[in-house]
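See structure below.
We call the chains A, B, C and D, going by the order they appear; numbering starts again at 1 in every chain.
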Amino acid sequence: MSTEIRSTLVRRRSAPGGTARRVALIAAAVVLLALGFAALAPGLLATHDPLLTDVRQALQAPSAQHWFGTDQSGRDVYSRVVFGAGRSIGIGLLATGLALVVGVAIGSLAAVAPRPVDAAAMRVIDVLLAFPEFLLALLVVAVLGPGATNVAVAVTLAALPVYVRLARTRTRALSSTEYAEAARIVGVPRPVVHVTHVLPGVLASASVLATIGIGTSILAAAGLSFLGLGPTEPTPEWGLMLSSGRNLLVQAPWVAVFPGLAITATVVAVSIVGRILRARSEERGA
Amino acid sequence: MSGIRVRGLRIAGADGEIVRGLDLDVAAWECVALVGESGTGKSLTARSLLGLLPRGLTAAAETMEIDGVDVRGFGERQWRTLRGRRVALVSQDALVSLDPLRRIGAEVAEPLRIHAPSVRGAALRDRVRDALTRVALPEPDLRARQYPHELSGGLRQRALIASAVAARPAVLIADEPTTALDATVQARVLDLLRSVADEGVAVVLITHDLAAVRRIADRVVILHEGAVVETGPTAAVMAAPRDPHTRTLVAAAAAAPLRRAPRTDAPLLSAEGLTKRFGDRVAVDGVSFEVRRGRTLAVVGESGSGKTTLARMIVGVAEADAGTLRVDGRAWSPRAARGAARRRIQLVQQNPWGALDPRWSVGRTLREAVAVTGAPRSQRRALVTDLLREVGLSPAFATRRPAQLSGGQRQRVAIARALAVGPELLVLDEPVSALDATVRARILDRLLDLQHERDLAMVFVTHDLDVVRGIADDVLVMQDGRVVEAGPVARIFAEPRHPFTRELLDAAASAPSGPGTTA
Amino acid sequence: MPRSRDRARAALMRIGGIAASVVLVLWGAATLAFLAFRIIPGDAVDVLLGPQAQVSEAVKDGIRAELGFDRPVLEQYAAFLARLARGDLGESYQLRLPVTEVIGRQLGSTLQLTGLALVIAIVLALASVLLVRGRTARAVAGGVELVVLSSPVFWTGLLLLSVFSFQLGWFPVSGARDPAAVVLPAITLALPVAALLSQVLRDGVETAEREPFLLTVRARGASPLRESTHHTLRHASVGGATLAAYLVGSLLGGAVLVETVFARPGIGRVTLTAITDRDLPVVTGVILLSALVFVVVNTIADLVVPLLDPRLARATPALGPRTEVPA
Amino acid sequence: SGTDEGSSSDSELVWAIEGANLSAGHMDPQTSQLDVSAMVQRAVLDSLVFQGADGSFTPWLAESWDVEDGGATYTFRLRQGVTFHDGSPFDAAAVKANFDRIVDPETASAQAAAMLGGDLYAGTDVVDENTVRVRFSQPYAPFLQAASTALLGFYSPKVIETSADQLKAGGPDVTVGTGPYVLSSYTPDQEIVYTANEDYSWGPDGGGAPRVKTLRVEILPEASVRLGVLSSGEADVVTNLPPNLVSQVPADDTVNAIEYPGLPYSLYLNEKYGVFADQKVRQAFSRAIDVDTAVQEIFFGQYPRAWSILGATTPGYDASLEGSWPFDPAAANALLDEAGWTGRDADGIRTKDGQRLTARWIAWTPVPDDRAALANALQSDLRAVGFDLQREVLEPGAYNEQYGPKTFDLTDWGFSGVDADLLRSHLATDGFQNASQVSDPALDALLEQGAATTDPAARADIYAQVQQWNAQHVAIVPLYSPALITAVRPDVTGLSFDLYGRPLFATANLG
C-alpha cells in the first residue's frame, strides 16, 4: 500500500480512548524493541546458527529445541527469523531514509525553482506516481535485474516520488503560510525564512510519512524476495523464507507461517507508531 | 397548549452539571429568546429538546413536553419520529449546516421524505417550492437546483430555515441564526423568523445579541451558567433589567464614539488610484486615500470587497497593477520595501490562527522580530518581555506555543510582533472579528493606548461599523473593490450619502452590538 | 447564449486537457521504458538470444542491425515513438510474438481476477462501513484492517490456499476454466484493497459525522441508515474515488503476486516472466499498459469526483494525474 | 475436466506439468535442451524409430533401416501415407529439411544438433521419395537412439520454410507434426491443448487415433498446486511432483517414478578457473560432502544417490564405482593439507598464501526448494573442512554472462539421455556443455571411439573407462539420480511411459 495513502488514514482519527491507544503503542513499542534487538544483535536472541544445516533435522515441528520448527535444510526457523530481521527491516529503513532525504531535497528545490523546472520535475513525478509502489519496484528490478542491492534500489526509487511530491506541496504551502509571510514582513530575509520556518515543517511532515513508509517498503521488498528477485539462499530474509516454505504449507506450515507473522507484526507495529506520531503532529500543527 | 413546556431541565456531563434546572415555556405564535454569554448552555438546551445531546452528556427534567408529547424516557427511535416533524432545529453554524454535496431542493425535501414518504414527485417539488417561497428565497426553482456553496450566507440561512419548516413542525428552535451573517442580511433573517412565529409556530431564538431580541422576541429568558436568572416580556426586561448579569449585557451593547482633532501635518501614507486585478476580477479598483500619523483609517466593506488585497498593497507585499503609494512622499512598493524601510509598515493578519508558526514558542517568534532590528542578543529577552507587557500579556507567555493560546491571545502576540520592529504604520486586517465581545473590547482599548504612546498610524480593516465608531478617525467604505464613500467617521455616520453605506448603517442600527462575523 | 458558448469552450478545453494528460503520461512512460533499454546492463542482443545461444558475432550484428541498435540513440528513440504511435509495441524476444498479442492473450484472465477482486473489495468495504457501528466495533474493524494491510498479500494467499483448498477442499486449487477457481485468488487480492478502502471510507464517514450539517440531518429525524446512504457515505466516497487509480494500480501490482501464488495465468505472470527473462519489449508493454490504465482510471475519477462533490467542479483542472489524497 | 465422461468422443484428459520454462522459447525440442520440451511435444512429433522399454528399436515412421559403413551411414525406408497435420506428406524431403534445420547454425540448436552427431553429421540424402540416407563423417553409434527421440522428430517442411523462427515460441499452425495429437491452442504459462489427430494410423505398434480426444496440458509451476489439482480431481495425470509431496498423493492414485537415464544431477567443477584447477581440491571437495545423508533426507528416499556420471539405469553404467568415494572429512582435510591450503582465517576457512579457499557456485533460477536445501547441506559440510562455498542464484541472462566466458567455479544440472554418448557434450574439449572445461586428448579419443562403436559390450567398456576417468579426475561430482514422478488417477488406463518416465498419451483411455 502506498505510503501516501496509508498516512492519510490517521487524519484526526482519535484512537478509541486513550487507554486503547496506549496499549497499542506499548505493544508496538515492545515489538519494535525486540526487532531492533534482533536486527542489531541477532546473536543474543537466536538459539541456533541461522545457516547451520542439518538435513537429519529437516522439517521438525516447533518444539522446545526449535521454537518455530526447522526448514527443509534442517535450519532453525526461529533463528533465521531473528537473523532475517536486520536485512528485512534494513531494506525498509534504508530505502525510506534515502527516499526521504533525496525526495525532500528534490521536492523543496522544485518548489522554489523557476516555473518550467518545477513543472518538468513534477511531470516526471506524476509519471512515476502513475505506478503503485510495488509495481514500480518490480519494474525497476526488471531494468536493473534481480538481486538484493537492486531490490533496495528499486524500493527506494519506488518510494521516492511520494516524498518529492510531499516536499514540494509542503514547501509551497508552508512558504505561503501567514506566519512565513509575517516573518518576511517583519524583515527576515527570504532564505532565512525558508530555513527556519519552512524546511523544519517539511521535514516534520516527511518524517511522519516515513515512519509509515517503512512498512510499505518492507512489504514491497518482501514481495520482491518472494518472487525470487531479491536476496538468494541461504540468506535469512523473510520474503525468501516464506517463498521457500510455500510448497510445504500442508506438511510443515511453520516454515512459511512464522516469517509471514514476523512481517505482519513488524509492519503493524511500525504503522501503529507512525499513525500515532502522525496524529500527534496533526494535533500540534492544527 | 402545544409548543414547549420544560421544568427543571438538568444537563450533566462528566465534569458536572452544565444546565441546572432550567424552566422554559414557549407557546404557539410566540417567539421566546434564550439569551446568555457564550458557554452558558444555550445550544445544549436546544439540542436536548430534540434528544440530540452530544455523547457523554445526559439530560433529566421534571417535565418535558414537546408539542404536547411527554418525551421523558424517549428512546432514539421515538425521538426520530418527533424530530423534523414536531420540533425542528436551525443549528448554530448556518454556513455549514447544509450537506454541501446535496442540492438545496434535496435538503429541503429530506424531512418530508422521512416523515411523509407518500409525498412524492410533483407534490414533493411543490412542497419544496412552498417552503422556499415561505422563507422569501428569490427564484425558488433555481435555488432548489443549486448547491449550498453557490448560495450566499443569507440565502443559505434561509434555505436552512426552509428545510426546518418544510414538514411544518410545531416548534422551531433557531440557534444563533444571525451570527455568521453580514449586518444587512441579519435583519432579513430575523424578520423571517418572526413571520414563522406569526404563522403559529412556537419559535425559540437563541442568541447573545440583544438587538436581535428587541427586534423579534415576545419574551426573553436570560441564562447565566446554566440557570435562568431573569425572564419576562422583552420590552420590560430591556428597559429595566433586574439581574446584574442582564444589566451588563444590556450595558455592553453601546459604545462611545471616538472624538479626536484631525491632524493637519503631511500624510504618512498616501495612495492614488490603486488597482489590483486577479485575472478578470478587479479586486481593488482605483482607490485613493491618505493616512496621518497618530490617526486611524478604517476600511469597511462586505466580504470580498477587496479589503485584504488593499491591506497587502499598503504593507508592500503585493504589487499594485496601477496607481501609486507614497510613504512620507517617497514611492512605496514591494521593491522599495527592503531592509530597514521594510519595517516602517507592519501588518497584523486577518487570521490569528495561522499567523504564528505552530512549532515556535511565542518567545522565539518575538525574538526573531526583535533580532531583525539589530538588537543585541543580550537584550532580546528583555525586549520580548516588554512587548508582551505592552499587549497585555504576562512574560510567562513567552514559553507557550500557539496551540496553548486562545484566539485573543494569539492576536495580541501577532500585534506584539508587528510592534517589535517599531513601525510607523500598523495595518490591522479584521483583528477582532474572530473574537468574542469581551476580548474584542480589551484589544481595541489596548490598540488605542498603543497608538497614543507611539504616535502610531493605523489602517483598520473591518466590516463591523460599531468597531469603526470606537476606534477610527476616518473611514473608507468599499464595495466590489471601489471606494463608494470616504470621510470622517462622524460625518459618515451622521449623513451617509451612498445607498450601500446607508444599508450598512441601517443593518448595524438594528443590531448595534452585532457580534463580528466569523467568516 | 454567450454563456452556453463559454460552457462549450470550457468543455472543449477540458477534453483537450484530458487528452493532453493521457498523451503526456503515456509519452513519459514510454520514454522511461526506452531509457530502461539503454541502462540495462549487458548486451541487449545476448539477452535477447537467451541462454545457450551459440551464435556467431556476425549473426549478432545482423540482429543488431535488424533491431536498429546500430543507429544513433535519438534516431532509435524517434523510431521507437513512431512505432508506438502506430500501436506497434514490437515483438517479444522470448516468445517471438507481437507484444500486443502476448499481453492481449493474458489480459482476460487478469481482468477477470482484478474485476472480481474489485467487486469483492467494494462490497466488503461498504459492508464494513455500513454495518460496523459504534466506537468499539469500529476500533476492532480498524485493527483487523490494519493487520490485513500489513500482511504480505502472498502470505495471505498461501494461508487461504492452504486452508480452503488443500485442507477443506472448498475451492478448486487452480485451473483457468473452473469459474470457482478464481474465487480464492480474487478474495486474496481483494482483502488488502477492501481493508484500505474501508479505512478510507470509514475515515471519510467519521469526518463527515463530525461535520455540523449532520446535526441538521439528525434533527430532521433521519435514521442511521439514511444518514449513511444519503449523506456521510457520499462524502466518504469522494475520498474513495480519488483513490480509484491507486486501488486499481495496487490490484495490478498484487496480481503479480497472487497469480504466482495461485499459479494463475495473467498479466502478472507475463510481467514476472518478462522480468526474469529480460524480455524488454514485453516489459515496455506492461509499463505502457499500467500507465494507460492509470490515466484512464484517473480521468474517470476526475470526471466522477465533481459529480460527487459539486464544490470541486471548477477547482480541479483536468491536466495531470491526481494522486493527491483527500485532505 | 472430462473424467466422468468415459471414452466418448469428447473425452478430455487433463495433465498438469511444471512447464514454467516453456514460454521462454522452449516449445521446440529441436532447439531446446529442456526435458519438458520433448515431453509435451512428443504428442505432435513422431520419430523415425521407436525405442521400447527394453531398449530395442522398432519401426515407426521408418518401416525399416540399414546401418552401413560400420555405423557411418543409415538408410531409412519411410512408411507411406503419413501426412502432417497441415496435409503435406511425410517423405524423404521432409526428413532432410528437418535434419538440415537442426544442424544449421542459425537454428542455434542446443541438444538436438549434438544428438544428430554434431560435427560428425555429414548430410542427409534424398534417395527417392520414400528413402532417405543420413551420413556421418565417421561411425556414429548413438544415432538410432537419438532418432527415436522427439528432439529429432519432424515438423512439416512448410513450417520450416515459412515460420521456423516461430517454432521456439510454438503454437497452433506452427507446431505442426505428424503425431497423434494436433496442437490446437496454446496460451503461454497457462495451457496447451492437443486435439486427437483422427487420421493417425502410424503409431509405433500400429497404433491408431488416440482415444482421449482432448489432451489438456495445464502449466502449473507451483508443486503444491499440482498436488492440489490431483487431490481435487481437477487433473487426471500430474507430472513433475517433488519427492517431498509423494507421501501426500491420494492413496488410490498410482505413482510412477522412473529414474532419468543419463547424467545424474551433478556439480561441474570448473578446472580452468580458481581453486578447482588443483585436482586434489576437486577430490577433497567430493569427499567432504555427505551426499548419502543429504539425498536420503531431502528427497525422502525417493531418489538414489549417484556414484557415477551415468545413472544406474543407463546402458554402460559402471557399478564398480559404487561406494568408491564415500563421505570422509578426514580424507578431505588431508587432501586439502596436501594441496597447501593449511592456513585458517578468522572464520575458520582455509587459506593459502593469503588467499581464501572459496568457490562460487552459479545456479539458474528458479531453484527448486529441495535443491536449495541440498546446496545448503553441501555448503555446511564443506565449511566443516574449511572450504567456503558461495552460491549465486541468477536469472538466465546473468547466468549466461558468466557461463559464456566460464567465470565461475562450479555450476549444476542433470542431463537425461539414454545413450552414454551424452557424456561427449559434457567432457569432450569442444563439448557444448563442457562446463568443467575438461580438455584431455586421451579422453576426447575415448569419447569419439565410444560414439563410433556399435558393439554394446565394447561400448560399455569404453564408457566404464570414461566413468573411471571422472572418478579419478573429479571434473563432475554426481549427486543423485532424479526421477520423473508422475501420479495418475485410477480412471486413467492404458498410459505408457517412455524410457525417461514421460507419459505417452497415444494409447491412454479414460473411464
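Here, a residue touches a chain if its C-beta (ideal position, glycine included) is under 8 Å from a C-beta of that chain, and two chains touch if they have at least 3 such contacts.
All values derive from a computational prediction rather than experimental measurement.
Using CA-based centroids throughout, the chain positioned farthest away from subunit B is D.
Subunit D has its Cα centroid 44 Å from the Cα centroid of subunit A. One finds 47 Å separating the Cα centroids of subunit A and subunit B. Averaging C-alpha coordinates per chain places the centre of subunit C 41 Å away from that of subunit D.
Contact of a single residue of subunit C with at least two other chains is seen at positions 161, 166, 260-261, 276, 278.
In subunit D, the residues touching two or more other chains are 222, 224, 365, 395, 397-398. Multi-chain contact residues of subunit A (touching two or more other chains): 145-146, 228, 246, 249-250. Pairs of chains in mutual contact: A-B, A-C, A-D, B-C, C-D. In the complex of the two chains, the subunit C residues touching subunit B come out as 211-213, 215-223, 226, 230-231, 234-235, 238, 308-311. Touching subunit A in their complex are the following residues of subunit B: 315, 317, 339-340, 342-343, 346-347, 349, 351, 354-360, 365, 368-369, 372-373, 401, 403, 414, 417-418, 420-421.
Listed in rising order, the residues of subunit C touching subunit A in the complex are 24-25, 28-29, 32, 36, 39-41, 135-136, 138-139, 146-147, 149-155, 158-159, 161-162, 166-167, 192, 196, 199-200, 203, 206-207, 210, 239, 243, 246, 249-250, 252-254, 256-257, 260-261, 271-272, 274-276, 278, 283, 286-287, 290-291, 294-295, 320-321, 323-326.
Those residues of subunit D that touch subunit A in the shared complex are 222-224, 242, 244-245, 248, 293-294, 297-298, 365-367, 369-370, 372-373, 375-377, 379-380, 391-393, 395, 397-398.
If you check the complex, the residues on subunit A that touch subunit D are 51-56, 58, 71-75, 145-146, 228, 232-234, 244, 246-251.
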